[in-house]
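Listed next: structures, encoded as structure tokens.
Consider the two complexes below, in which chain A is the common component and chain B and chain C are the respective partners.
Entry: the complex of A and B
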């Protein structure tokens, strides 16, 4: 350990001075995971110290052509090799693109919304080094059997990102980031936006109640509002106000309100109001 | 002398044990209408249904089982988790044969104190006063099959072995659609409504932080049970956050934080709130009353009613709530009544009632 520390101090000294760098040579550029030969003049055994971002090592080597193995150079960054009081510094860059980590947000998005979907791709080599070389990345957001929207972006500092509009149709959209042969897929659920309009009709239920039922409820792009969405039916008559929070099922919402000779019936989903019916009179 | 003392102590102990275990089979007859009600309620307080029932008039045709169900609960309703804490009685009317006694009851329950006022009719029966204890007949739902095929949501989240960039499911989008700060009885109260704008259910809460004149936060509270926590898509819930003993003059600003979490949920049960109306109760106070109708096939054990009151501009001016101590059996209306601030009566233009439900056996 003391020897390693001595080597490190020597390395720092050598890195700071031009004196040491003259005798060791290395072919550049060096890619992560590549085998590299370090040229050291002379013959016989000596000790090599290697310092890099992933760690430090010390081993006995034969002077001449010294091979640095791929395992020693997996991490991209600045390295210093020290041999017999001489040193050289070199930079290991990321290897070729091997992995794309793709962050897509959000997982659900209302249809027909501008700049609502964000995708960020992080480009890595097989050793998890960020590939800093500008690399083209294609982003595509599309429902199955549609062309969707595609954007081509060049990465900067290992990251490429894009903001896309959501499509007009609801459904699970494939959101892909691809570069070369690599493609990563995420699913962005395009969901119906707020109901565009709600229309209901009223009739007599078999048990004497007022049966209210909406027409199919759709957003302004024509997508069916998802099942389970709350639709509130309200009846106001001389006995008071009655409300039922019904759930959309198979596109419709339906409820039974208490019987009345004359009542005003209204319908709403969230902050969207529907039509109003005067039970015992006409539609307003 | 050494032997007499232990023997005396043993005899005394036996006498005390016997005195504490042997009950008199007869109870003191009530000499006045008020004492009849007091005796009945005292035995309810001691959870002694048979003794309390001895003060119930036969004329009311209330069976011991119905009486016990009414005062001690059934179907895991709120009364099951309640105990009569204290009561006050007051004679409203009395003659030789009958009287009316107002009983103000305070029940300690799992959700806090529940107050109830009953005007009880007391009649002379068998040379003593007995209480007519009317009990709503137990709803008998005819045997039937009620198909429940509503949607439910399950969630699969990201696994521990997934890539760090792997997508997870987002929490639902919720939005505070209105907020109104008010001061009442020396308390600062935030009222408003929150909407689940998403297409998935969410567990929501609203947190508020009060910022003082010095720019530092000095109080933080949550909506607690003054909100419907599980909101289905497009569902709107009122919320109310109380800051006790906080004056508005101390506040520079308020920071509101709506929180939402994606949870598995079912769209069942559907509950109707029928015949809602503002009216005066027996004490002349304004109440919002109506009936709850469980349209599903499974009993809702503890219903919780939330009412939002609006002025003529549509602004939320008050939010009140109340627990109903009866369970909601399927297809059977159950009355509810929640208090409204009397001073707000002239300002109330409209109102909206929503119902929370707690069901013991329901799988979310």
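Entry: the complex of A and C
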């Protein structure tokens, strides 16, 4: 029974004569990389052909116990052994889990967004065969020193996947997939979401222009919107419309608009509109 | 009367020549192509795809590319040409079959696959669209050869776990792993 469990019994029942007809019997599937012994009763030499998904071999063997090496059986799939004109098929299945291939998406994500981060783990043995037995996999997304969000799922057909919410705080979050002793880590940069509100003030620039500057721009969780985010200032007066794009620098955005006696000043970033100032007439 | 007889004789010669041409053309088609048949993919079921549904255009692209992948694999294994795999296979699947072909070449062996069709059911399509997994039940006749001598032939109902990944303009087979019958 142990021998059966270990993998392979291939009985070849044939008379040891030139006219023997081999009858081949197959046991349970063999684990990839296992060594296997094929029994071919009789004596003398014969030729063994072995076709598999990762190889094909032909060799002269002595009847009796014919060893198939672990190298010959490292790819999971269907194998066919041909001996004395008779053939048998058997299966090699994946060995134990040895490697987790983890795809995390996206690499940057806005904070506090539902189902924004997806992780897919593919489970492989050491020969890169997909491990198809259901296996528990834990996914965890967390900033350092926070508990973050964790989910346990069981793989199906060699794949486990998860969709997680991004955290409330910005920063590099560790996204891990683990199963048994194996852990694979990716980093997902959680960045501030869209600004929650934008508030600007206006004043006179030394050269006579209108100097506009925002308060610190934050998302609704209080994270500073990243430097480099474009903020658009617009002035509309009787001469027409003037627009200046400025990047957030150290949390603020500032720009100079053309001088005007009476203008309406607005500010926006992406889809978020800030306050409006009537220059020369007070804030609305 | 002679003219009628002459016309009949000429027509016969022409028909014979056309017949010969047709035979010649048929003979020049690789056996794998003849074996492939027009309806390799007998069904393609995306109803159990999770967590993401497969869009119709994606489903069509995968069907096209998977059929082509099997045609390439059959030709590659029969002609021992691993260069035929590059267009349809990638990663582990490509490496695995390349090794099989190299080993066949070294030992003077080959195998011919007569493909009677596939029933494919998509089970997983990743939310980001970067991978798609499907179970294929294939009806295959496999002929194992040494040179031109047939060593053995088997008819199998094979089950494959297939993992596809998108490439620039096609879906490639990353894993093609045969499963034991359940």
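In this text, the second predicted complex is superposed on the first by the 251 of 284 C-alpha atoms of A that agree within 3 Å, B and C clash if a C-alpha of one lies under 4 Å from a C-alpha of the other, contacts with A are read in each partner's own complex, and residues count from 1 in each chain.
By definition in this document, a residue touches a chain if its C-beta (ideal position, glycine included) is under 8 Å from a C-beta of that chain, and two chains touch if they have at least 3 such contacts.
Predicted, not measured: the structure shown is a model, and the values here were computed from it.
Looking at the shared chain after the overlay, A:277 reaches neither chain B nor chain C. Once chain A of one complex is fitted onto chain A of the other, the partner contacts of A:87 are limited to chain C, with no touch recorded for chain B. Within the superposed three-chain model, A:156 lies in touch with chain C and out of touch with chain B [touch as defined at top]. When the two complexes are overlaid on their common chain A, residue A:247 makes contact with chain B while staying clear of chain C.
In the overlay built on the shared chain, the residue A:118 is in contact with chain C alone; chain B does not reach it. Looking at the shared chain after the overlay, A:75 reaches chain C, while chain B stays out of its contact range. In the superposed model, A:267 makes contact with neither chain B nor chain C. After overlaying the two complexes on the shared chain, residue contacts for A:52 are found with chain C alone; chain B is out of touch.
Of the two partner chains, neither chain B nor chain C is touched by A:210. Touched by chain B in one complex and by chain C in the other are residues 103, 105-106, 122 of chain A.
Per the touch definition, chain A reaches chain B in the complex via residues 101-108, 122, 184, 186-187, 191-192, 194, 226-231, 239-247, 249, 255-258, 269-271. Remark: chain C residues 51, 92, 96-97, 99-100, 103-104, 107-109, 111, 123-124, 126-128, 130-131, 133, 135, 142, 144, 146, 151-152, 154, 156, 158, 161, 163, 175-180 touch chain A in the complex. Only residues 29, 49, 51-58, 75-78, 80, 82, 85-87, 89, 91, 93-94, 103, 105-106, 118, 120, 122, 128-130, 132, 156-159, 161, 163 of chain A touch chain C when the two sit together in their complex. Only residues 149-151, 153, 163-165, 167-170, 177, 195, 197-201, 232-236, 267, 270-277, 290, 295, 351-354 of chain B touch chain A when the two sit together in their complex.
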